[in-house]
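Each of the next two complexes has subunit A plus one more chain, namely subunit B in the first and subunit C in the second.
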Partner chain A sequence: MKQIILIAVIAGIAALLPFVIGDSPYFIGVLISVLMMAALSSAWNILGGYAGQYSFGHAAYFGSGAYTTMILISKFNFNPLVSMVAGIIVACIIALITGSIVFRLRGHYFGLASIAVAEIVRLSALNFDFTGGAQGILLTDVTLWGLDLNSKIPFYYGMLLVLVLTLGITLYLRTSKTGFYLQAIREDQDAAASLGINLSFYKNKALLISAALTSVLGSLYAVYIRFIDTSAVLDLRLSIEIILTAIIGGVGTLWGPVLGAVLLVPLAEILRSNVIGDALVKHGVVSETSGLGVFLKENLAHAHVLVYGIITVVCILYLPKGILGFFRRVK
Partner chain B sequence: MIQHLLHINHVSKHFGGNVAVSDISFSVDEKQIFGLIGPNGAGKTTLFNCISGFYPVTSGDIIFDNKTINNLRPDEVCHLGMARTWQRVKPLGSLTVLENVMIGAFSITNTTREAEEIAMEQLQLVGLTDFSKKSAGSLSIGLKKKLELARVLATHPKMLLLDEICGGLNHTETDTILAIIRDVRYKGATIVFIEHDMKAVTAVCDWIVVLNSGEKLAEGTPEVITRNPDVIAAYLGGGHNA
Partner chain C sequence: MFFLQSLLSGILTGGVYALAGIGMSLVFGVMNISNFAHGDLMMLGMYLAYFAFTLLHIDPYISLLLIIPTAFLFGFIVEKVFIHRIISHPHQNQILLTIGLGLIMSNTALLAFTSDPKILTTSYSSSAVHILGGISLSVPLLLSFTITCGITGILFLFLSKTTTGLALWATSQNREAAQLMGINVAKMSAIAFGLGTALAATAGALIAPTYYIHPMAGHTFLLKAFTICVLGGLGSVVGAGVGGIIIGIVESMSSTYLSSDWKDVVVFIIFLVVLLLRPQGLLGKKGEQ
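So, the complex of A and B:
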């Protein structure tokens, strides 16, 4: 009950945020990225955090949603919501094929297979014609209920809605039979099976829920950006970023993935937009034309991957349960 | 008429060329406390794993409650009313004691509230009520064994397979567990248990099967078994007449 109120309060604050900060497209854009990563990571957390089945290929489900939606809208003029549902179906089919084969096995097989499946999906999208190949798909015009889809605001609320939905599902699962069963599977598969838990059924159930939510976010993202290619929506880097966000925030907790996204996405944004390099130059610490200045200008923008890596190593060494897990222990 | 609840019919289990269980047959009657004993490596746990669905048998049949269960998964076996504990206890470490037992209870109910009620009853039965909010991983071995027992009892089984439930416990703890086992049988469950502790076995069992090197060495009442020279030889080493 406490958590429901917390979700409502945080969602309420988030819903008011655009009115407070005004309609600066840049900040709204960053906030959309935060909400999207929080939702993606929370969706991954249902499978990875609660059921303990680490997927390294969630980009496959994100990409399925994005590609299905873009193809249906651009080529067949589908309603965006209908194509979103079609995206869920495609993602679930891929999830079901992967899960029904690999979940019979224990250990790291699912993790390995999830990478393989994600690469198969990526390479297929890169080489087929109907997916636009390496060129990707561009969407020139899209309409829904007369909403102004050129503005970022509808997507901000869309992402927020999916995040709240994901957190709500997680909360429901935690207090229901399925959630208990997923955690039992995470802790000890033999014990779980001997207590009457059908392992592959419940692992598949968690995978399907997770894949469907991830696919919805992919559809939303595609219509928001209006351009997708394999490096944007199917890359292994995306899968890794989703996992790192959850690990750093706190795996297997309701708020860990959200916390991870709130911390990491703005950090990546700061590094990517070279705020630090510009500030150093502006305050005369480094000259723009000096060797160091040029080096910073060229390389600092790519440093967010390095910083992610360093934070992850630090987290694994000192905060194995993530930032949220650390605070729980202190309390 | 007494009904056979479990019937083991010429069951063998091979791991490659290694014969772990060889052509074993016996029957367990309803409401019996049935002991399965034998030296280390006799094949007791292997046989348990076959019965509870973790290993497929190489040949033979396992019939439980008039159904052949050879090819069922562990969770299907559990839903038929057979629950097992583990020699090396398997607490779900990051969950609380209550949540551990609730997971057992979820096999007979779908609602969290009912599962909690069933779990609290079982915790009371084994005397773990005070520990319900503790993390299962933090318990001592004696309490973990009690937790295993409460967890399988929460599935309301017709038959319990207990794998060395008294192993590593002191006398008081053993006596508590044996009292619980007698109580459970009184309420209508059948119990098969593997045990090393001969005193524990002879104290509670109605019937005993002795395994040695994967084969059935003897069976009978505790009185008969403790006087059987083959059994004594198997336990104390060949040749001696103890």
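So, the complex of A and C:
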């Protein structure tokens, strides 16, 4: 109950944010990224955190949502919501195929197999013609119920809605039979099986929920950006970012993935948009024309992945249960 | 003729893949860790060969004499500083730590060397020998394959004849039992990771003359090395050797008869089929998964 109120309060504050900060497209854009990564990471957390099945291939579901939606809208003029549902179906089919292969495996093999499936999906999208190949797909025009889809606001609330939905499902699962079964599977598969839990049924159930939510986010993202290619929506890097966000916040906790996204996405944004480099130049710490200034300007934007790497290493070594897990232990 | 040509060039490329696979399998066998930084270690080997060639004017095959000890030392230190702390952690944490280390390596390379691909062109880069009237074999690949065979042979002798090598075997068979027999397993882990790094860097240096050198090149090789290890049975050194050759042949055959765009897909499908039908690998023992 306490958690439901907390979700409602935080969602309420988030819903009011656009009114507070005004309609600065830049800040709304960053907030959309935060909400999206929080939702992606929370959806992954259902499978990875609660069922203990670390999928390293979640980009496949994000990408299937994004690609299905874009193909249906741009080539067949489908309604965006219908194509989003189609995306869920495609993602679920891929999830079922993946599940039937990878859930027979454990430990190292599970992670490796999930990468292999995601890479097959990525390379197929890259090599087929109907997916636009290396050029990707561009969407020129899209309409839905007279909403202004050129504005970022509808997507902000769309992402927020999916995040609240994901957190709600997580909360429900936590206290339901399925949730307890999943946690039993995470703690000890053999013990869970010997108590009569149908391992592959419950693992597949968690994967399907997780994949469907991830696919919805992929569809939203695609219509929001209006351009997708394999490196944006199907890359292994995306799968890894999703996991890192959950790890850094706290795997298997309700709020861990959200906390991870709130910390990491703005950090990446700061590095990417060169705020630090510009500030150093502006305050005269380094001159713009000096060697260091030029180097910072050209390269700092690439450094956010490096910072991700450093944070991951530090986190695994010193905070293996993430930030929330760390505080829970202290308590 | 096409068939023979693509079979032979597949075997030659596969030899170098095998070297990368053997390094990963050794680390897996001794430490029970999936090393996701393996591809990036290969990438560092490529750059080492490139800079040894452009700055010091050392032939890439000669520069192995420098690269192998440097990489071994680097791997040894990385194990002592990072990997060693998480050796008893859950698999997923080990995977994430090595992913993190890989990201640091590839993105440091990106900052230091920029994203422009570099090409290492030796005087014999594009030369080929012709055998059996019509089959041409690239000289750099032929050299790489010969060196690979030599290194694999030396490694095998080291593992089966020296005390340290036997201790490594023992640790990979049963860590606890090895410790009880007085083997310093912490030291063995560091040596195994050092050897794994040296093998990855060697494989990188060996393909440098025939491949674009790029900070993100490790990604492709990482997935290949995993496929090779699983094919041969995770932890099996001989299996990784065989797996490497098989993957080389599969790639070359699918480029010839299908399309080079789809060769990686074929490799991954084989990977999944092996996982489904024989998760212990082609040469692995049953019950190890």
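Note that the second predicted complex is superposed on the first by the 331 of 331 C-alpha atoms of A that agree within 3 Å, B and C clash if a C-alpha of one lies under 4 Å from a C-alpha of the other, contacts with A are read in each partner's own complex, and residues count from 1 in each chain.
As a working rule, a residue touches a chain if its C-beta (ideal position, glycine included) is under 8 Å from a C-beta of that chain, and two chains touch if they have at least 3 such contacts.
None of the values given here were measured: they were computed from a predicted structure.
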| item | value |
| --- | --- |
| Partner chain(s) touched by A:Glu269 [first = subunit B, second = subunit C, both, neither] | neither |
| First (subunit B), second (subunit C), both or neither touched by A:Ser194 | first |
| Subunit B versus subunit C as contact partner of A:Val305, first or second or both or neither | second |
| First, second, both or neither for A:Arg104, with subunit B first and subunit C second | second |
| Per-residue touch tally on subunit A - higher for subunit B or for subunit C | C |
| Which of subunit B and subunit C A:Asn127 touches, first, second, both or neither | second |
| Contacts of A:Asp278 with subunit B and subunit C, given as first, second, both or neither | neither |
| Touched partner set for A:Phe180, first subunit B, second subunit C, both or neither | first |
| Subunit A residues contacted in one complex by subunit B, in the other by subunit C | none |
| Of subunit C, residues touching subunit A in the complex | 28, 34, 82, 85-86, 89, 91-93, 95-97, 99-104, 107-108, 110-111, 115, 219, 223, 226-227, 230, 234, 259, 261-262, 264-265, 268-269, 271-272, 275-276, 279, 289 |
| For the subunit A and subunit C complex, residues of the former touching the latter | 48, 54, 56, 101-102, 104-109, 111-113, 115-117, 119-120, 123-124, 126-127, 236, 240, 243-244, 247, 299, 302-303, 305-306, 308-313, 316-317, 320 |
| Complex contact set, residues of subunit A against subunit B | 175-177, 180-181, 183-184, 187-188, 190-199 |
| In the complex with subunit A, residue positions of subunit B that touch it | 52-54, 73-76, 78-79, 83-84, 86, 90-95, 99, 102-104, 106-107, 110-112, 115, 151-152, 155 |
